[in-house]
Amino acid sequence: MRPSGRALDQMREITIETDYTRHAEGSCLISCGATRVLCTASLEERVPPFLKNTGLGWVTAEYGMLPRATNTRMRREAKNGQSGRTQEIQRLIGRALRAGVDRVALGERQITIDCDVIQADGGTRCASVTGGWVALRLAVNKLMKSGDVISDPLTDHVAAVSCGIYAGQPILDLDYPEDSEAGVDGNFILTGSGRLIEVQMAAEGATFSTEEMGELLGLASKGVGELVAAQKAAVA
Amino acid sequence: MRPSGRALDQMREITIETDYTRHAEGSCLISCGATRVLCTASLEERVPPFLKNTGLGWVTAEYGMLPRATNTRMRREAKNGQSGRTQEIQRLIGRALRAGVDRVALGERQITIDCDVIQADGGTRCASVTGGWVALRLAVNKLMKSGDVISDPLTDHVAAVSCGIYAGQPILDLDYPEDSEAGVDGNFILTGSGRLIEVQMAAEGATFSTEEMGELLGLASKGVGELVAAQKAAVA
Amino acid sequence: MRPSGRALDQMREITIETDYTRHAEGSCLISCGATRVLCTASLEERVPPFLKNTGLGWVTAEYGMLPRATNTRMRREAKNGQSGRTQEIQRLIGRALRAGVDRVALGERQITIDCDVIQADGGTRCASVTGGWVALRLAVNKLMKSGDVISDPLTDHVAAVSCGIYAGQPILDLDYPEDSEAGVDGNFILTGSGRLIEVQMAAEGATFSTEEMGELLGLASKGVGELVAAQKAAVA
Amino acid sequence: MRPSGRALDQMREITIETDYTRHAEGSCLISCGATRVLCTASLEERVPPFLKNTGLGWVTAEYGMLPRATNTRMRREAKNGQSGRTQEIQRLIGRALRAGVDRVALGERQITIDCDVIQADGGTRCASVTGGWVALRLAVNKLMKSGDVISDPLTDHVAAVSCGIYAGQPILDLDYPEDSEAGVDGNFILTGSGRLIEVQMAAEGATFSTEEMGELLGLASKGVGELVAAQKAAVA
Amino acid sequence: MRPSGRALDQMREITIETDYTRHAEGSCLISCGATRVLCTASLEERVPPFLKNTGLGWVTAEYGMLPRATNTRMRREAKNGQSGRTQEIQRLIGRALRAGVDRVALGERQITIDCDVIQADGGTRCASVTGGWVALRLAVNKLMKSGDVISDPLTDHVAAVSCGIYAGQPILDLDYPEDSEAGVDGNFILTGSGRLIEVQMAAEGATFSTEEMGELLGLASKGVGELVAAQKAAVA
Amino acid sequence: MRPSGRALDQMREITIETDYTRHAEGSCLISCGATRVLCTASLEERVPPFLKNTGLGWVTAEYGMLPRATNTRMRREAKNGQSGRTQEIQRLIGRALRAGVDRVALGERQITIDCDVIQADGGTRCASVTGGWVALRLAVNKLMKSGDVISDPLTDHVAAVSCGIYAGQPILDLDYPEDSEAGVDGNFILTGSGRLIEVQMAAEGATFSTEEMGELLGLASKGVGELVAAQKAAVA
């Protein structure tokens, strides 16, 4: 029933190539099917003004899409400014990753996660969260190896997957053809231990019931489990 | 337990003053406790370029806060541009209201809902959705009265309420003191018949379980029921 | 002769509702006929850089119009930046109010007057000056009550009214239908004791004589007298 | 008493060098004492959208100051955007010049007057109006010579002068040292026949009486008379 | 003598991976040593306004660097606008590629070359020109295969290399450590047949002689020869 | 053969009027034929942040064109922001002038060279470099006269000229009609002693050979010799 022939609860293939770039403190290229996102973690020994002298660290994220990551070329945001969609996504990624960080343990330093979409086929914000966590993990590993940080500031894995209702059926991990047809879709961000961090379900031209919400939650838990396994393999 | 002394599932007082301004095709001043939002509906006999000659109408929203709607004066967005938060909110309001609109019945015209916060005490985006629907209803009534529109384009009520976990307890309709302390909070947008349109739950420095998600859904259904009753009374 | 049936030297009805919002140090909703402006005064214990360590205070103003304050919806300035007209108006309001302030007595603190037009029917900048003074007065009263300021920094009332030549006749307090037809119109800002602070007369497609200028000055004095009386009643 | 030794009602020396640049349809370099402004008139056979198919022409103005026209270098507006002051001035110049134009006689074409301050010593906006009229006159002369325009669209001269109260005395044509000290100052724009087009008097830290307003009007009439004579000599 | 141990006239290793992304009409990932640039060609069946109805095509380029392509994270241009350096580079790339295009043969269509730097180690603009030509070649091949274009619009190869004077010696293909130390450096863009398209040599804190200019030209010819060979192998 | 009747290696007439404005520390109006640029040097006793406490001075440049400096009126950059071309030019001017400055001898101060084009007929960036050096020389003379600077920070003259290939022939000092027709053209910046500082040759729709590059270098040397002689005469 799905254009790709996948089962309703079947994820796309996940690959995570770590240390993809040489300059960043942590980096990976994550592929979820044909969606490919380059995630880098940049460490700075300073925090935003509102955190100065609090002893707390900060994790933030920025998101971008290369103009021809998509089927039709998009206008370059460097020329036109970030769209509302872009700002919404990068706020989401930062918020999600911070939910898995002990900011006291991190200490007064900032890690910026840049998520740049090389190729898009749906689910870019979820891939950014999942890959962003890997880049963050690698950067934090360096901090711990050097002794700058003693106690591990990462309290758990963080990963995200999209779910939606497509042709009347709840499905997992939408690709672009599904995403553009689904009347209801959204994103679930969970920890490695299965707790919810963020739920964003939205309908455009449709509505959904409480029961369907429950089914989507179930699919999301399954999908995030597989993503966390891939993260573990990547950073091992 | 709540700072205001409200019960866990108790809404703040809701008042909706219709026809608050003279120029708009529909308008109301909605108060949810101390949160006050002026909602106006502006009708234009044109649609955005991507809808030209499709026969479909459009409903969109813009959101703003007066600089001193809040406890500490905020910088005026007209001087600094809209923040990511503002853009996120207005996209949400527009999307939510469109979920209750039959765009074929509306015909090729656009209604813009402006939601301007006069005074803020938490829940401004929810009040904007609920009050925005009233302004939209009044503007559509004029279109039907004049005969420009024959079949009612509004398929159902749309209203929104916030829920969160505060001091370990799921609560309904957070005011500002609760909102700033809650580790988990979010917004639920539902139709008059209790179907979900949008769910946005986010944790900052906390996580939540599937069971808690269920309890919050229950609170939201109760709250929206009361909001829809207030909408009905206002537009009667 | 006037569309509203008013006498040539007749003001519209003035109402001033003080303490309209809960957060601001001073606030009022001023109505001059159908023109309604929300004025708030925000106190900050800091001054702009050019006044640091001078012992002098500062009073400044910002002005905005809600998009549907007018008959036809205007584009939201938060999306497009402040127009030249808006900047011109807010500079005028600030300059006018400062003319009635002893900045030594105020001490090194800043009061920002926000004037936001809820509904427009001509004369919004004049209503902003007149209402802005009331908000300022209320905020300064708090400073004096708390003992932060000893000697009253407000040296006199400040109020403003528009005058113009309409259908060949000098008239007082133009509403929108008059304003859009008048070939000559402008604004007079005076103190409570009848001294001039600012005069701005402009012709578009017409000119005027020195004699007419004198008549307009006379009308303005009469009008400001009534406005000052309303201010006195409001802050009593 | 004046820093320059001028009498209270004495203008600075006025020189107007016409055809200062080769590309513009009309141009002059006007000097009012040490204030020097290059004024060019650019003709376009199109009008702004709001005038299409109305048969009416348009005259508009833009104003700028070279960064080192002033004693201390100012930031370049091309890098930072036009200030509120700049926008206010260019709106004033355009409005003033239009008051002397028969837009039906001009026909559906636009003339843009650019006023760029090469060197500033007070009174740049007045010099811009006075010199701008000369550039406009020269451009219109070409239109009439070529037969594109039959009946002269310029109904009268337009010129401007500043007046103020300095050390308690009304004075004419303020230079920069006077301008920066005067508690009250402003600009008067008149026609060749002595009718008022625009009056802008503002006080910063002072007020003025109706009688003083009358004296300033008298000085302005005298000054504009001399400016109009200089215009006549220049375009003869 | 060179930090990398290369000979004075030795290029870094060049690899060109074609069809790197799935959506673009042509694409490659070019590596010149550790510098890696993703180049995509996007075809649109429209031209900029100034070319409408001329029968001529257009090739243009845009350039960007991912924030952590460099050793120290740079601010994201989508948040801050394109720097002067970025604009200068993208104008250069477009101009260079157009020099090898027969715009009549291309017909009224536009090809946009996006050059996004994944990892930077000096010479990113040269790699962009060289890789951009490959993406352009692949996109044009598609146009010819489909019959939309009959006669090949690409008249020759276009490739670019940097040269400079480092420690007193003319060297070829500077990497970042050399680039940041060289007092004189620049870029040479040549055709496959060895004709010059663009020369940009600049000194910062040094000067150079006509003889040195000659030596640099010689190095550049050698380097571009090798780049053109790599292009041929890639598109074969 | 040249539209102006000049010989292939003939410069336009050069005039340099020093001390053109009264406020700047150094200034001149340079004319190269009909191209006229006002150059001012502004001294500030501060340096950009990246040079604080280094003991090094800074010379930078800004460039602008008055809207009607050209045959067709251009949009004012203060309204639209600086174009890529403008930014490219002002970076070039600053870089070129710095090549002739001993920044240790200058000491921790900044000189900003503003180059504003009053009238354009090709070669405005070259005239800006040549005239900018004169303004810089005059400002530095003042610093030396006052004793603020002991050892002359200017190590040599800096001047620039354009060359190009027009109708198949290398020519010197292109005017606008030549510039708009030449397939190859560029700018050469040299010191008084004939060393190269910057070479920028670009082809649009043509290419050139190494031999032609040599001929252009020869022409440029001749032209700059004449410009340096004019600089010497001006500042004598």
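Each chain gets a letter, A, B, C, D, E and F, in the order it is written, and its residues are counted from 1.
The definition used in the following text is that a contact is a pair of C-beta atoms (placed from the backbone, for glycine too) under 8 Å apart; a residue touches a chain by one contact, two chains touch by 3 or more.
The structure displayed is predicted, hence computed values, not measured ones.
Engineer: Trace the shortest chain of touching neighbours from chain A to chain E and give its length in steps.
Structural biologist: So the least number of steps between the two chains is 1.
Engineer: Chain B to chain D: how many Å between their CA centres?
Structural biologist: Computed value for the inter-centroid distance: 51 Å.
Engineer: What is the distance in Å between the mean C-alpha positions of chain A and chain D?
Structural biologist: 59
Engineer: Which parts of chain B, given as residue numbers and ranges, touch two or more other chains?
Structural biologist: none
Engineer: Ring order, please: chain B first, chain C next, then the rest.
Structural biologist: Moving from chain B on to chain C and continuing, the chains are B, C, D, F, E, A.
Engineer: List the residues on chain C that touch chain D in their complex, please.
Structural biologist: Its residues touching chain D are 84-85, 87-88, 91, 95, 98-99, 186, 191, 195-210, 213-214, 217, 221.
Engineer: Within their complex, state which residues of chain C touch chain B.
Structural biologist: Within the complex, chain C touches chain B at residues 21-24, 27, 34, 38, 40, 42, 44, 62, 64, 66-71, 73, 76-79, 81-82, 86, 112, 114, 116, 118-120.
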